[in-house]
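Just dropping this structure here.
Note that the chains are named A, B, C, D and E in the order they appear, and that numbering of residues resets to 1 at the start of each chain.
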């Protein structure tokens, strides 16, 4: 008995978390899937009506915009954050004297919630109040920086603020990665006559694949949760030019009382996430088993 | 056994610096210039918030939003902390601040502990299916929170903890264990399994090994997990607004109430002061523990 | 002992003070008031919280709700019946009929009105108009002419904040102004497809496009009160906004009639936006007693007066003395009386008085998309019809 | 008395891969069993099975006569020392050593006494308050030994305890372990892939390859009479010379003919008549190919070869030549002059020669 | 011709800690210099200084007559092999070897040719398309060598290239490196802390301790005439026996008296007259204490001692006893019967004896 207990203890310890995740993640996904097949309005209803909500969803031009924005935003945000984070990490890796302070400055935005900084960004990016006005005030009257109010560019303003928030964190990840590369490899490359930039591009960066994946997972997670940022910065505007699936879903569920529609958009959104994350998880766990 | 808590040694990628030529010095200055430009980029919003919070309302209405204050006043800070109205109460963000503390501290502790135990099991006590369980838990990190609001509300009601602080802690723990488990698991897989074996031979059981051997080793990754979870929980608005009731609302809800008043005159200086106050704990955590954060990331959480 | 937990989004400034009056009265009657303010997104956050609270079986006693949303919640079976208070206090007598209808669910009373906001206001900077020799416009053509003149003079004709609800606010006043009350009724209340695709509607969108030209370039995302400030300090001449904007002028020490002018937007009719509290089904004598007391106080003379003085709106009761109110409020009250009689007292769609959320939202999507792009009016009309159909 | 360790027909699979196949070993009390074999041959796995850290897939395993199948590691009365020492990094040396006792509820007076005893024995008294991170490799190794010693177990298990040490320290610690074994009279199972360690420490050696036991025997048996080519090549440093040759029985003796690069074949005559196939592999240890004059007896025969490489190693000089197409190492005295390229006369001592069948690798004599 | 490497009065500090002190070494073309010394003595640092990976703090360093102070590693015409091999993990073996050439703009035909040449030489042709992660330790070692070989440099630098290999492989690779050196005639600087490696590979050995050179000399000089106690103890495995004794000059010879546990002191007579202080340390290698009858000459004297430990090591048997309060190791033939506890007669060969001053450790003869 005691021995049985001992051998099964690890499973029992893992069980509560696992059960919780089963219910609160997968159970809820199932619930959402169910509701997405109903005509739920203000509150969920449970009579299945088929795929009407999905039909409505794909008839909605606003949803098209939202989905489109997800790819633009997600791609640019993740891509640029990684590149910028990597560059900053490499620059910081050059024996910078004030590294600690600079690192903290780069990292702190991660600590702030977007509800807080959204307003500040809104001012900074506002052509009448912020950078544009400032630069014009310096005597460049033709300077224009109107991303925030330009429906075609507003999504990039969001990307800019989102990158501001998390590129420092990515920098920290990459810095940690650079520091964990074997010193001898770098020395070997020096003796081999490889110039510094090639050392980075050909040797160090390719060997940091696991860190790219970690950064990706964190950024993907943040991209999905970039809801606050959009709400704080543009509220989805101008028009609904900066709508994302998360804000669409939220609007449907909570301000419009159209829960069925919200559920169907949530399902599509999760499908997208699933399609991106699962291959990652698969490769990650496969590698560990070898 | 290597000393797991040791700081990483810096590889000197830039190579040996020899007697600097003019070009080298220019390069160096260029490097610092770039770093400075980015520092400005990162500091700009904080600068705007800070200066605004130190201006009088009069100056804000008449002056430039992103100019330096002509006259510094801390009135806005006092108002934000203890006088600003959030509804009919005019107690500032203070009471909400303590609610947030009451939610975040246990939330962080519990989710970190659970993550540690889970990571320990997945990394060191592999059993059939453990990896699948881990993958399923990890995927939980990616569920958009808007999706879970309604069913969660229903379950919290059934469990009788709707609108309470324990309820909020519960929610944060549930959606935090995915990440904390990932952190600890990735850290613990780098610890040689021989340590577990030695302790088993020494007669220690599952919990004893965790408690006496793994937990004391975990400082770097605990820092990572705590920073991450604290930031997530402290800054959360959605759960805070949905699963609280009067008296249990966290500071983000109060901040939102101050910042998002629908009608009436906006006191931007108070808004910004409140925003900074609400962000202070997380800022402090990053500034104080940031160094260990990088170290902890190096120590394993990122090493694939 | 009566108890009430009140979910609302009046979190600051005058309105918070006004609610505090209610709380005091409530306390004087021996009640305990628990305040649950949730601001943000024009009540979106509050609605999120409400839904979570209702689903968890822990609904607040009273919730700031308005328009058809009240009936929607009623249909979910979660509202309480306060008919006995209403009958005792004789609400049907003191409230205008169209407003009273919003407070009833299937013939029973389920909500208590707080105020009447007029949405179709146009605000102007008196000095700017004088300097440019412009009268308050009474038709849209006049408005356009005035705007051209102002633009030439280097003044921004229309102060506007590019948020969807502000776009919708302007839109509905144009619908009312160009189409008249009947057209408004069929287009934005009955959602009549014919009206939605009519030439009148195209003209409305044409006018919206024209208005877009009168707005400065930085309007996007601007809060309405910043737009108001532009009018106040003479940067801009006009703003189309509900009467809550008046509070902003008054708070800055401006005098109506002298520093700033108020007038209804060009055309007939009156678009109202009534704030009200819906009562939710709760357990316990205390809470039910609290609900009834609250309902009684909300519609009571004193609160109606004090609250509306603070908020810029007019009382929902018609029998409150307007002595202390300003001239704009008087205009508002008189217009309401008149339009109530000739049937042009209409619910504001932009503020959730006319339609369910899904439909109102669908219309707003089109309006804001049109306003923020170079979409043609024909396209817009088509989209509008599709969106409305899709939202059913 | 029952053997202290008795393994019968033990199998161990990880999933579908068989890692240990039909292992049969038993050791008596006081014996020092050394497991050797190349990396990945299953040594650690076998040790883990003995310790109860891995369940076995088939067969039986008994310690001191008791079946251990369902007994957990802590109840097997064993102690184990790991290659990486596996010291608890956050505990002081003293706590590392007493942790096991504390877990088992030994009272603290006894803990103190045993700690003091072991610390004295291993000369680690000054280190007791340090953390493992502050110790040198050799010191860590001693602490790991201390942790095992305080248990006073029936059986000690060592998994390559010296392989993380540098050459010098390895030799020292080897001697200490040997002394410990002699003083305690304890039973030990010791894994290594260093054949010198195996030779010097063991009373019994098990040579493994691919999860299968190749030979079990005393060090001298293994060294002098390897059971097959694998064992012959694996044990001994430098390795045994394995020279392809042609054998021919001629009445009383055997004629061995070995091809020599750029010259006549060398012909050696084994004085004993042996029943050998024509193609054989002749196994000769480097020390059995020496300079003439030092070895005597009928089995010693001379031949001269060209020297390829000279490796003076202090006490001895190793000289490499080519015979039968293979490099062949001879051990000469350090005083002997030898230069690469020169031709030198070697004495082949056939008294300890081994013969192997080329295909199966089986020993023939 | 200028020496290939010439180091004069080299100092190296990290901050305020002096890691290398007044290093003077020079090697001629074709020499094989081995740096030995305990861990942390500054071997790697010196190698890094030679490679230009660390700036020097004082003195001069010239390669092939040219001052190297301001020359970057890639322009020093050196190649280096690291302890961890430092292969580029994401590149195939072929790319690892050719990457340096590619960067230097060597045309691809030449690259191909050199790659093929080196691959053949090191027998790594079948591995060219694999990643380092898919190679065994010995294979990685070979690839690292290959990367150095294609450079065809003036000077090869090796930093403990074999210490990550297991014992058997280490011996094999050692021989290969030796062969390589002989075939290429290249100049090499080689760091190790394995004295056998040092002895077998070097043409010249530098023994270091704490950043200071203790002795420079040929392997046999270092082995037979260690300059001080440190070198005596450090070089050789098992280590030289260093036995405290009392010396007395008596006319033509010297009388050496060594305390023996539980018995009369042993008295040995060194036939040469030496000018020794009374207290000396007598240094005798294990192979100079053997069984009687094998060593001849006037310097050989016999005495019997009690055996503590017997370590059969295959080719030889090491036997430990106690003399002058110190453990003393003797090397016996593997055939010799010896058992712990028994008393055995040993022959002490004083022909290669060393004497040291106990305090300073300085060699006296």
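One rule holds in what follows: a contact is a pair of C-beta atoms (placed from the backbone, for glycine too) under 8 Å apart; a residue touches a chain by one contact, two chains touch by 3 or more.
Only a predicted model underlies this, so the values are computations on that prediction, with no experimental measurement involved.
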Legend entry - Omitting subunit A while every other chain stays put - resulting connected groups: one piece
Inset, instruction - Going by C-alpha centroids, which chain is farthest from subunit D? Tell me that one. - result: C
Inset, instruction - Starting from the Cα centroid of subunit E, hunt down the chain whose centroid lies farthest away. - result: C
Inset, instruction - Find the two chains joined by the most C-beta pairs in contact, please. - result: A-B
Legend entry - Cα-centroid distance, subunit A relative to subunit C, in whole angstrom: 37
Inset, instruction - Let me have the rounded angstrom distance from the C-alpha centre of subunit B over to the C-alpha centre of subunit D, please. - result: 54
Inset, instruction - Please compute the C-alpha centroid of subunit C, do the same for subunit D, then give the distance between them in whole Å. - result: 91
Inset, instruction - Would you mind listing the residues of subunit B that make contact with two or more other chains? - result: 15, 17, 149-150, 152, 238, 256, 259
Legend entry - Multi-chain contact sites of subunit C, meaning residues that touch two or more partners: 41-43, 48, 51, 55
Legend entry - Residue numbers of subunit E (touch at least two other chains): 53, 72-73
Legend entry - Interface residues, subunit C side, partner subunit B - complex: 5, 8-17, 19-20, 23, 33-43, 45, 48-49, 51-53, 55-58, 60, 223, 225, 229, 244, 247-248, 251-252, 311-312
Inset, instruction - Enumerate the contact residues on subunit C facing subunit A in the complex. - result: 41-44, 47-48, 51, 54-55, 69, 72-73, 75-76, 78, 162-164, 167, 216-222, 356-358, 360-361, 365, 368-373, 383, 386-387, 390-391
Legend entry - Partner subunit A, residues of subunit B touching it in the complex: 8-15, 17, 31-32, 34-35, 38-39, 41-46, 48-49, 52, 64-66, 114, 117-118, 121-122, 125, 127, 130-131, 133-152, 155, 174-175, 177-179, 181, 189, 205-207, 231, 234-238, 252, 255-256, 259, 268, 271-272, 275-276, 278-279, 282-283, 285-287, 290-291, 293-295, 297-298, 301-304
Inset, instruction - Would you pull the subunit A residues touching subunit E in the complex into a rising list? - result: 182, 184-185, 187-195, 198, 202-203, 206-207, 209
Inset, instruction - Give every residue of subunit B touching subunit D within the complex, in rising order. - result: 1-6, 192, 194-195, 197-204, 208, 212-213, 216-217
